[in-house]
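Two complexes are shown next, each including chain A; its partner changes from chain B in the first to chain C in the second.
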Partner chain A sequence: MEVPILLIDGFWVTSIQEALHDRSVLDFKQRLLTKLNQPQTRGLVIDLTALDIVDSFVTKALIELCKLADLMGAGVVVTGMNPAVAITLVEMGLDLRGIETALDLQRGLDKLRKLSEER
Partner chain B sequence: MNSQVIGLFSQHQEAISDQLQTTAASELPAKTLGGQTISSISQELVAGLALQFQGKPGALTELVARLSGQVVLAGDSVDNLRLLLDRMLEATIAVLQPLATVTPEQFLQEIRELYEPVDLAKSELIRVALKTQQEIIRKQSRALLELSTPVIPLFDNILVVPLIGSIDSLRAKQVMDNLLAGIVEHKAEIVLIDISGVPVVDTQIAHHIMKTVQAARLLGARCILVGIRPEFAQTIVKLGIDFNDIVTKSSLQAGFELALTWDNYKLLKIDEE
Partner chain C sequence: MGELKIPIKNEYDIVSARQAVRELSRELGFGTVDQVRIATAVSELVRNVVLYAGHGLMIVQTLKSNGNTGIEIVIEDQGPGIGDPDLALCDGFSTSGGLGAGLPGARRLMDFFDVNTTCGRGTKILTRKWLK
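Here is the complex of A and B:
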């Protein structure tokens, strides 16, 4: 199933539901870039509420997505991360300092709004 | 094929039990053991030993196992129970020797038969006591873990996590789990981690704190490390640990004030005129 990418007030919202595979990640990245390229883009929210566990592949994909969106000039906020996922990411020892986070979608959007005003 | 001594034992149970109770009363200062009176335990023990020879081998062992658990749970010493078992044999000899018609050598031979179940019961006593004690320790350490890592909602969106006592990796993990669960449960945005109750800090603990802060940040919460004592600051600098990413404040009050400004609140003192 395709990961849906929805537009709300100029912010793209996408919710990752299950572990991404090589091909789906490539496809997803491509679709996301096309969306971000649209002129009304103000930012991107990646919601992980439905994701219970992550592996290094998904993590790498996530970091890449954030960097890509950042390059495209869109602010990114990762929301709804599960405690277990957070622990995994920290245990992996990845540098995630550049990634903005929020507890849930609402707060993520609030944060993104603030960010896009600053930009 | 019961010998004479065993027969006599069954007949004179009450006398032996009385004798045992008298000895026990003079030797043991306490009246009860594991919530049961010593005299009733004495009676049960003698009856249990008698049952051994009435077609219920293992009766004494079972009884002692139950009593042992009871005694340990009540916080009494199992040594007293062991003493009772020894005194029971002595009381048996004291009561039966004058009654026995066999030769003294024969009597000694026959009385040995009584020793075997008592020895078995004694080893069971130690085994159950140890097991019960281990269970108690396990329960207590679990309770201690739960008690020692509280997560307190302090204010709108603000949590406080006081760390008290030394932190090992097990507790560090517990702290992280509790903190992350607390963030999700209370929808917190700011977490004050108070380390004023941690006696010594080493690289390990500092590393754990860093990881906890990073994990909390991934959930969208910002952490403020408060209660930094001068020794803590010195250790951190001396060990060359990079704490640059973490906001620190010396006291809980200072941290709370900062948290309020982050949360768009302002503390106002009202003038009383």
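Here is the complex of A and C:
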């Protein structure tokens, strides 16, 4: 099933609920970029609360998405990364600079609001 | 607990392989963070097989030694081999446009990590993690 991408007050909100195969990750990234390109867009929150494994492939897709969104002038915030995933990514030595994060969806939306007002 | 053999045929096996290993490591008593470390390492290693060799095999077994319990994962393929394994273990080196974090990252997540590769013959990676 496709991951739902919902619009609320100009903010796209999406939450990945199950492990995605590599191809689904790329399709999902493409769908998010299409949403970001719409005129009403103020930002995007990607919630990872339900994801128990995030590997370098997903990380790369997130980094690229954030870079592209930045060029397009839209903010992206990644929320809900669970502690075991965070520990693993840091231990692997992945460079996560450029990815804005927040503890949960509420804080993610708050952060995006601020970002979109600054832009 | 016996031996688990999982054929690696395509990218869909990346998720199923890491889920199987996570389940086994949970049964062995590994904590959540270690389960995620092991499963993430498997995700990286199995993807390498799919990416560079096309297909291969993963064999997982339980280790018992001097009262310690561990998990051993062997991932092998008959692909082109790794030209320069030392370079491939460096952060940021990739020939496939990836982050170059897979092999060095997987090594850091595990307790023991051995790369055995022959050009034109294939690659065999043996890795272990012990319950602490």
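We adopt the following convention: the second predicted complex is superposed on the first by the 119 of 119 C-alpha atoms of A that agree within 3 Å, B and C clash if a C-alpha of one lies under 4 Å from a C-alpha of the other, contacts with A are read in each partner's own complex, and residues count from 1 in each chain.
One rule holds in what follows: a contact is a pair of C-beta atoms (placed from the backbone, for glycine too) under 8 Å apart; a residue touches a chain by one contact, two chains touch by 3 or more.
Quantities reported herein were computed from a predicted structural model and do not represent experimental measurements.
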Partner chain(s) touched by A:Ala19 [first = chain B, second = chain C, both, neither]: second
Partner chain(s) touched by A:Thr79 [first = chain B, second = chain C, both, neither]: first
First (chain B), second (chain C), both or neither touched by A:Asp110: neither
First, second, both or neither for A:Ile87, with chain B first and chain C second: both
Partner chain in contact with A:Glu64 - chain B first, chain C second, else both or neither: neither
Touching partner for A:Asp9 - first (chain B), second (chain C), both, neither: neither
Chain B versus chain C as contact partner of A:Ser56, first or second or both or neither: second
First (chain B), second (chain C), both or neither touched by A:Leu96: first
Set intersection of chain A contacts, chain C complex versus chain B complex: 83, 85, 87, 91
Residues of chain A touching chain B in the complex: 78-79, 81, 83, 85-87, 89-91, 96-97, 99, 101-104, 107-108, 111
Residue numbers on chain C that touch chain A, as the complex places them: 11-12, 14-15, 18-19, 22, 32-33, 35-37, 39-40, 43-44, 47, 91, 98-99, 101-102, 104-106, 108-109
Residue ranges of chain A in contact with chain C within the complex: 19-23, 52-57, 59-60, 63, 83-85, 87-88, 91-94
Complex contact set, residues of chain B against chain A: 176-177, 180-181, 183-184, 187-189, 211, 214-221, 245
